[in-house]
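Each of the next two complexes has chain A plus one more chain, namely chain B in the first and chain C in the second.
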Partner chain A sequence: MIVEVGHYALALALALSLVQAVMPAWAARSGDAALREVAGPAALGTFACILFAFCALTYAHVASDFSVQNVVENSHTAKPLIYKISGVWGNHEGSMLLWVLILALFGAWVAGAKASVPPVLRTNVLMVQASITFVFVLFIITTSNPFARVAPAPLEGNDLNPLLQDAGLAIHPPLLYLGYVGFSISFAFAVAALIEGRIDAVWARAVRPWTLIAWSFLTLGIAMGSYWAYYELGWGGWWFWDPVENASLMPWIAGTALLHSTVVMEKRDALKVWTVLLAILTFSLSLVGTFIVRSGLLTSVHSFASDPSRGVFILGILALFIGGSLSLFAWRAPTLRQGGLFAPISREGALVLNNLFLVAACATVFVGTLYPLLLEMLTAEKISVGPPFFNWTFVPLALPLLVIVPFGQALAWKRGDIAAAAQRLLAAFALALVVGVVAAALTWGGPVMAPVGLGFGAYLIIGSALEIWSRARGYGQSRTRDLGTTWRRAVGLPRSAWGTALAHAGVGVVVLGIAGQGWATEGLATLKPGGQVAAGPYVATLDRVGPRKGENYEETTAFLTLRTKEGDAVGTVETGKRFYPSRRMTVTESGLKTVGVSQIYASLGEVMPDGSIGLRLYHKPLVLLIWIGALIMAAGGGLSLTDRRMRVGAPVKARAKLPPAAVPAE
Partner chain B sequence: MMSRLRSALVALALGLVAVPALAVQPDEVLKDPAMETRARHISEGLRCLVCQNQSIDDSDAPLAKDLRVLVRERLKEGDSNEQVVDYVVARYGEFVLLRPVFGWHTLLLWLSPLLAVGLGAFGIWRLSRRRAPTKAEGLSEAEAAEVEALLKRP
Partner chain C sequence: MTRKSRRLILIASCGAVLALALGLILSAMSGSIVFFRSPAEVAAQGVPPGTRFRLGGLVKDGSVKRGPDQNVEFSVTDTNATVPVQYRGLLPDLFREGQGIVAEGRLDAGGVFRADTVLAKHDENYMPREVADALKAQGRWQEGGGKETPKEAVKPASADATLGQRSER
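And now, the complex of A and B:
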C-alpha cells in the first residue's frame, strides 16, 4: 500500500513541478502577482512529494518487500541494514529518484531563501528549476519506475552487488549528487538572468553561495569515490581517468572556474556574459555526466541497466536543456551590458588566467573522453584514450594553474604590482625550493617529478598562509609589527578570506599526496605461512590463512604482521577474499595499515590448493594527503559559506530582523 | 575507477564466478628486475581488449594475462620496447594503445589542449583590445523622471 502511495506522490510531484514551471511564466504575461507567488509553495510541495516517494521506496527496501521489482533485484533479507538503505540508491531507478529528490531539495531551499535572492529572480530561478524537475520525474515515471510490482513475489531477493556493499559507497552517490544537482541552481540563475535580460553584482552575490555549496559537495563526492576505488578495487590506484570518473571531474573543473569568475563579477562587474555561459556549461556537463553514466553508453557498473529507451530519453533531455539554454544564450547574451575592463596584471587578471587554464583542462578531458566514441561513429576506426593521454595533456595545463594560485591572492584588484606580489611570496618560493631540494637529496636516484611535486605543494600551502599573514599585518599606514594586533586582525578577517586560503592550501595538500605516489613501491609474492614480502621500508610476514564469517558473506583471510626492515614491529594487517553466496561473487577486501599519512596496503590474490597465497604489498607514502587535501578544500568552501555575505536561507532572514546597528562590524 | 568492476562484470557475464584480485601473478614476473620494470612499463600502456579502459597490467582477464606473457617473451628474445609495442599493435590494432598515436585521425584529440588555450587566449586578447568601457552615460529624461517619482514615493 505504502508503495502505491509513494508512486502516487511521485505523480503528484510531476503535476506540481509543472505548475511551478508554468504559472510564473503565465503570471509574467498576465501581470498577476499572486500567480507568481505560486512558485514558492509549489517548490515546497514538490519536495515534500518526492521526499515521501523516496521514503516509501526506502521503507520497501528496509522491510524487504519482495513484491517490488526494485527490491527483488537489489536486496536480500540477510543484507545488513545500512546496505538495505544504501541499496535504495545503489541501482538505476533509486539513484534517479535520489537525483530528483536533491533537485527538489535545492528548489525548496531557494524558495525558502527569501532574503538572499531578489523576488523576481527567485521566481524565475524556481521556474527553470521546476522545468528540470518535471522532465526528470517524467523520465522516472515513464522509463525507470522504482515502484513497479512483481507477481508472484519471490521469497528472496537477488542482493546488491557486493562491490557496492561498502560504507564509503553508501555515502558517495548522495554527496556526488548534491554536487551535480546543486549546479542546477547556478544554471537556473543563469537562464533566469537571460530571461530577465539583467545581470549585475546582486545576481553574482546571490548565485555564489549556491555554486559554493554544490562545489563543496562535489569535491567531497569525488574524493569519496576515489578513496573507495583505492581500497575496494584491490590494487591501490586512486584515479584511473575512467569515463565515469571524468564525468564527475568535468563539472567539478567547470564549477571551479565558475566559482572564480563569479568573484570577479561580484567585485569588478566584469566577465558577466562569460560567467553566465560558464554556469550553463557547468550544469550541462553534469547532465552529460548523468547521460554517460545512466545510458550505458560506456559500460560500467555505474550503468546498472542498459536500456536504450532510457538513453534516448536522457539524450532528449540533454538536447532540450543544453541546446535550449545555449540558444537562449546566443539570443539574449548580446543584450546583457558588458562590464568594466581591467589591467592584465591584477587579481581579476589572474582569475581570468585561472579560468583559461581550467576551461582548457576541462575541454581536454571532454575531448579525451568522447573522442574515441565520435571517431568510431564517423570512421569506424577504434582507438583508446587512456591514462597516459590524460597524464600527458592534463598535467601540463594544471601546473601553470598551481603557479598562479598564490599570485592571484597576492595581487590587488584593479591594478596589481607583480614585483610586489612576488616579493610577498618570496618566503613561499624559498621554502618550496628547500622542500624540493631536501626531498631530492634524501631520495637521490628516485623519480624526478616527486620532489618537484612536493615543492609545488609546499609553495601552495605556504602561499596561502602568507596571504592570511600579510592581510593581517596590513598594508601602508595600517601596517603593524605587533603580533597581538596581527593575531586580532587575522581572527577578524572575513570568513571567506580564511575559506579561500584554506581551500587553496587544500589543493597544495592534494599535490603533496600525489607527489608522494612517485615513491610508491610494491612487492609481489606467493607465500606460505611464515613467508615474507617486502615493499619499501616494510616487510610483511604471513602468520596464517583462515576462514571468517560475516553477516552475509564468507571470507578467506590472510593475517599478516608488519615490521620495518630494521625489525621494529608496526602492527598487523588483514586482507581477505569475501564470497557472497547470494550473488555467487567474490570480492577482495584490501588490508590497510596507516602510518602517519602514509599507508601500507595489502591485497590478497589467489589462494592455491596447497595453502599458499598470492600477496601484493604496497607502500604508499603520503597517500592519505590526497583525500585529506580534498576534505580541506571542501572545508574551505564550507567556511566561506558561513561568511555573513554568503549565507543562504534562514540565517539571512534572522539578520534581516535585526536593526543594522546591532550587526557587529567585521 | 570502474575498470576492475567492469572486469568483474565481464567475468560474471562469461560465467566465471571467482574473480582473482591480482593482475600480474607472481609466476609471470621475470627474473631480471630491469627487464621486469620494462615489461611493467609497456604493460601499463597496453589495453586489455576485453575490458573497458583498463591496462593489461591491471586486468585479470585471461587475454590480458596472455598479452603480459607475450610482452615478456618478446623482451626475453631481445626486442626493444618499441619493437614489442609494434608487434602487439600489428596483431591487435591501434585500439590496444592506451596512449593514441599522433596522426591525422587523432590530430584534433592531441591538439585539443593547445586549441583550447589558444582560442581562450585569443578571446581574452580580443576582449582586452576592446575600447575602454563606455563612460557611464547620464540618465535619459524618462529615467530621470522615474528616479524622481521613486524618490518622491512615500
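And now, the complex of A and C:
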C-alpha cells in the first residue's frame, strides 16, 4: 500500500511541478501577483511529495518487500541495514529518485529564502527549477519507475552488487548529487536573469551562496568517490580518468570557474554575460554527466544498471535544457548591459586568467571523455583515452593556475601591482623552494616531478597563510607590527577571507598528496605462510590464510604482519576475497594500514590449492592528503557560507564604501 | 591604458590559452591514444611490435598457465584467431577461461602480447563491450541467447555490467 501511495505522490509531484513551472509565466502575462505567489508553496509541495515517494521506496527496501521489482533486483534479507538503505540509491531508478529529491530540495530551499532573493527573480528561478523537476519526474515515471510491482513476488532478492555494499558508497551519491544538482539553482538564476533581461551585483550576490553550497558538496562527493575507488576496487589508484569520474570533474571545474567569476561580478560589475554563460555550462555539464552515467553509452566502473533506451530520453532532456538555455542566451544576452573592462594586472584580471585556464582544462577533459564516443559513432574505430592523454593535456593547464592562485589573492582590485604582490609572496617562493630542494636531496635519483609537486603544494599553502597574515598586518598607515593587533585583525577578517584562504590551502594539500604518489612503491609475490613481500620501507609477512564469515558473504582472509625494513613492528593488515553467494560474485577486499598520512595497501590475489596466495603490497606516501585536502577545500567553502554577507536568507546590505586605508573587502 | 589595449590584452590571452589547450589536445591525440584490436584484426593487419594497443577477446579454454612469481600465460581468442598473452600481476576476480577480457600492452618481436593491464567485468555474463562488438561483427556471439537481430543497436553486453577489477603491473 505504502508503495502505491509513494507512486501516487510522485505523480502528484509531477503535476505540482507543472503548476509551479506554468503559473508564474501565466502570472507574468496577466499581471496577477497572487498567481505568481503560487510558485513558492508549489515548490514546497513538490518537495514534500517527492520526499514521501523516496521514503516509501526506502520503506520497501528496509522491509524487504519483494513484490517491488526494484527491491527484488537490489536487495536481500541478509543484507545489513545500512546497505538496505543505501541500496535505495544503489540502482538506476532509486538514484534518479534521489536526483529529483535533491532537485526539489533546492527548489524548496529557494522558495524559503525570501530575504536574500528579490521576489521577481525568485519566482523566475522557481519556474525554471520546476521545469527541470517536471521533466526528470516524467523521466522516472515513464522509463524508470522504482515502484513497479512484480507478481508473483519471489521469496528472496538478488542482492546489491557487492562492490556497492560499502559505507563509502552509501554516502557518495547523495553528496555528489547535492553538488551536481545544486548547480541547477545557478542555472535557474542564469535563465531567470535572461528572461528578466536584467543582471547586476544583486543577482551575483544572490547566486553566490548557492554556487558555493553546490561546489562544496561536489568537492566532498568527488573526494568520497575517489577514496571509495581507491580502497574498494583493489588496484590502488585514486583517480583513473574514467568517463564517469570525468563526468563529475567537469561540472566541478566549471563550477569552480563560476564561483570565481561571480566574485568579479559582485565586486566589479564586470564579466556579466560570461558568468551567465558559465552558470548555464556548469549545469549543462552536470546533465551531460547524468547522461554519461545513466545512458550506458560508456563502459566504465560505474555503469551498473544502465539501459540505452533511457539514454534517448535523457538525450532529449539534454537537448531541451542545454539547447534551450543556450538559444535563450544567444537571443537575450546582447540585451544585457555589459560590464566594464578592467586592467589586466588586478585581482579581477587574475580571476579572468583563472577562468580561462579552468575552462581550457575543462575543455580538454570534455574532449578526452567524449571524443572516443564520437569517433566510434562516426568511424566504428574503438580507442581508449586514458591517463596519458589527461596527464599531457590537463596537467600543463592546471600548473599555471596553481602559480596564479596566491598572486590573485595578493593583487588588489582595479589596479594591482605585480611587483608588490611578488614581494609579498617572497616568503612563499623561498619556503617552497626549500621544500622542493630538501625533498629532491632526500630522494636523490627518484622521480623529478614529485619534489616539484611538493614545492607547488607548499607554495600554495604558504601563499594562503601569507594572504591572511598580510591582510591582518594591514597596509599603508594602518600597518601594524604589534602581534596582538595582528591577531585581533586576523580574527576580525571576514569569514569569506578565511574560507578563501582555507580552500586555496586545501588545493595545496591535495597537490602535496598527488606529489607523494611519485614515490609510491609496490611489491608483488606468491606467498606461503611465513613468506614476505616488500614495498618501499615496509615488509609484510604472511601469518596465515583463513576463512571468515560476514552477514551475507564468506571471506578467505590473508592475515599479514607489517614491519619496517629495520624490523620494527608497524601493525597488522588483513586482505580478503569475499564471496557473495546471493550473486555468486567474488570481490577483493583490500587491507589498509595508515601510518601518519601515508598508507600501506595490501591486495589479495588468487588463493592456490596448495595454500599459497598472490599478494600485491603498495606503499602510498602522503596519499591521505589527497582526500584531506579536498575536505579542507570543502570546509573553506562551508566557512565562506557562514560569512554574514553570504548567508542564505540574510538581509541584503548595500556595501559601504571602504576607507582607502582599510583592508580591501574580499 | 586605453580601453582598446585592455580589450586587446583580454582577447590575446584568451586566444593564447585556448591555442595552448588545442595544441596539447592535438599532440596528445597523436601520441597517447590506444586503439582496440581483436585477435582477428591483429592476425589480419599485423600490429607492429612495440605499438601499444588494447586486445580484447575470450580467454581460450585450457590456455591459462600459471608460472612462478605471479607470472601467467594465456591466450585471447575471438574464435577466428588467437593471440598468446603474458602477464605478471594479480588477475581480476572474474578472470577465468571462457571469460571476456580486455588486456592492454604491446606485442613483442615473437608475437606474444605482453600485457601490463588486464580488465574484466564483475558479472558472470559479462563480456567487455569491445569484445562483444568484435564477436558480434563476426556473428560468433549473440546477445540474450540468440534473440538478437544483426540490426540491433550496439549496446553493453550486460545490463548489470560493472567494470569490477583491473589489474595493473
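Simple rule for what comes next: the second predicted complex is superposed on the first by the 643 of 666 C-alpha atoms of A that agree within 3 Å, B and C clash if a C-alpha of one lies under 4 Å from a C-alpha of the other, contacts with A are read in each partner's own complex, and residues count from 1 in each chain.
The definition used in the following text is that contacts are C-beta pairs under 8 Å (C-beta built on N, C-alpha and C of every residue); 3 or more make two chains touch, one makes a residue touch a chain.
Bear in mind the structure is a predicted one, so any value in this text is a computation, not a measurement.
After overlaying the two complexes on the shared chain, residue contacts for A:Val448 are found with neither chain B nor chain C. Contacts of A:Ser384 after superposition on the shared chain: both chain B and chain C are touched.
In the overlay built on the shared chain, the residue A:Phe357 is in contact with chain B and with chain C.
Look at A:Lys577: by the touch rule set out above, it reaches both chain B and chain C.
In the superposition on chain A, A:Ala151 contacts neither chain B nor chain C. When the two complexes are overlaid on their common chain A, residue A:Met585 makes contact with chain B and with chain C alike. Judged by the touch definition given at the top, the superposed model places A:Leu397 against both chain B and chain C. The interface of chain A with chain B overlaps its interface with chain C at residues 163, 233-235, 237, 299-302, 341, 344, 352, 356-357, 360-361, 363-364, 367-368, 371, 381-386, 388-389, 392-393, 396-397, 524-526, 577, 584-588, 603-606, 614, 616. The touching residues of chain A, counted against chain B in their complex, run 163, 225-226, 228-229, 233-235, 237, 239-245, 298-302, 338-341, 344, 352, 355-357, 359-361, 363-364, 367-368, 371, 375, 379, 381-389, 392-393, 396-397, 524-526, 577, 584-588, 603-606, 614, 616. The residues of chain A lying in touch with chain C in their complex are 161, 163, 233-235, 237, 296, 299-308, 341-344, 352-353, 356-357, 360-361, 363-364, 367-368, 371, 381-386, 388-389, 392-393, 396-397, 524-526, 577, 584-588, 603-606, 614, 616.
The touching residues of chain C, when paired with chain A in their complex, are 1, 3, 6-7, 9-10, 13-14, 17-18, 20-21, 24-25, 27-29, 31-36, 54, 68-70, 88-91, 93-94, 104, 122-124, 128-130, 133, 153, 155-156, 159-168. Chain B contributes residues 1-6, 8-9, 12, 17-27, 29, 44-45, 47, 52-53, 55, 58, 93-100, 105-106, 108-110, 112-113, 116-117, 120-121, 124, 127-128, 130, 132-133 to its touches with chain A in the complex.
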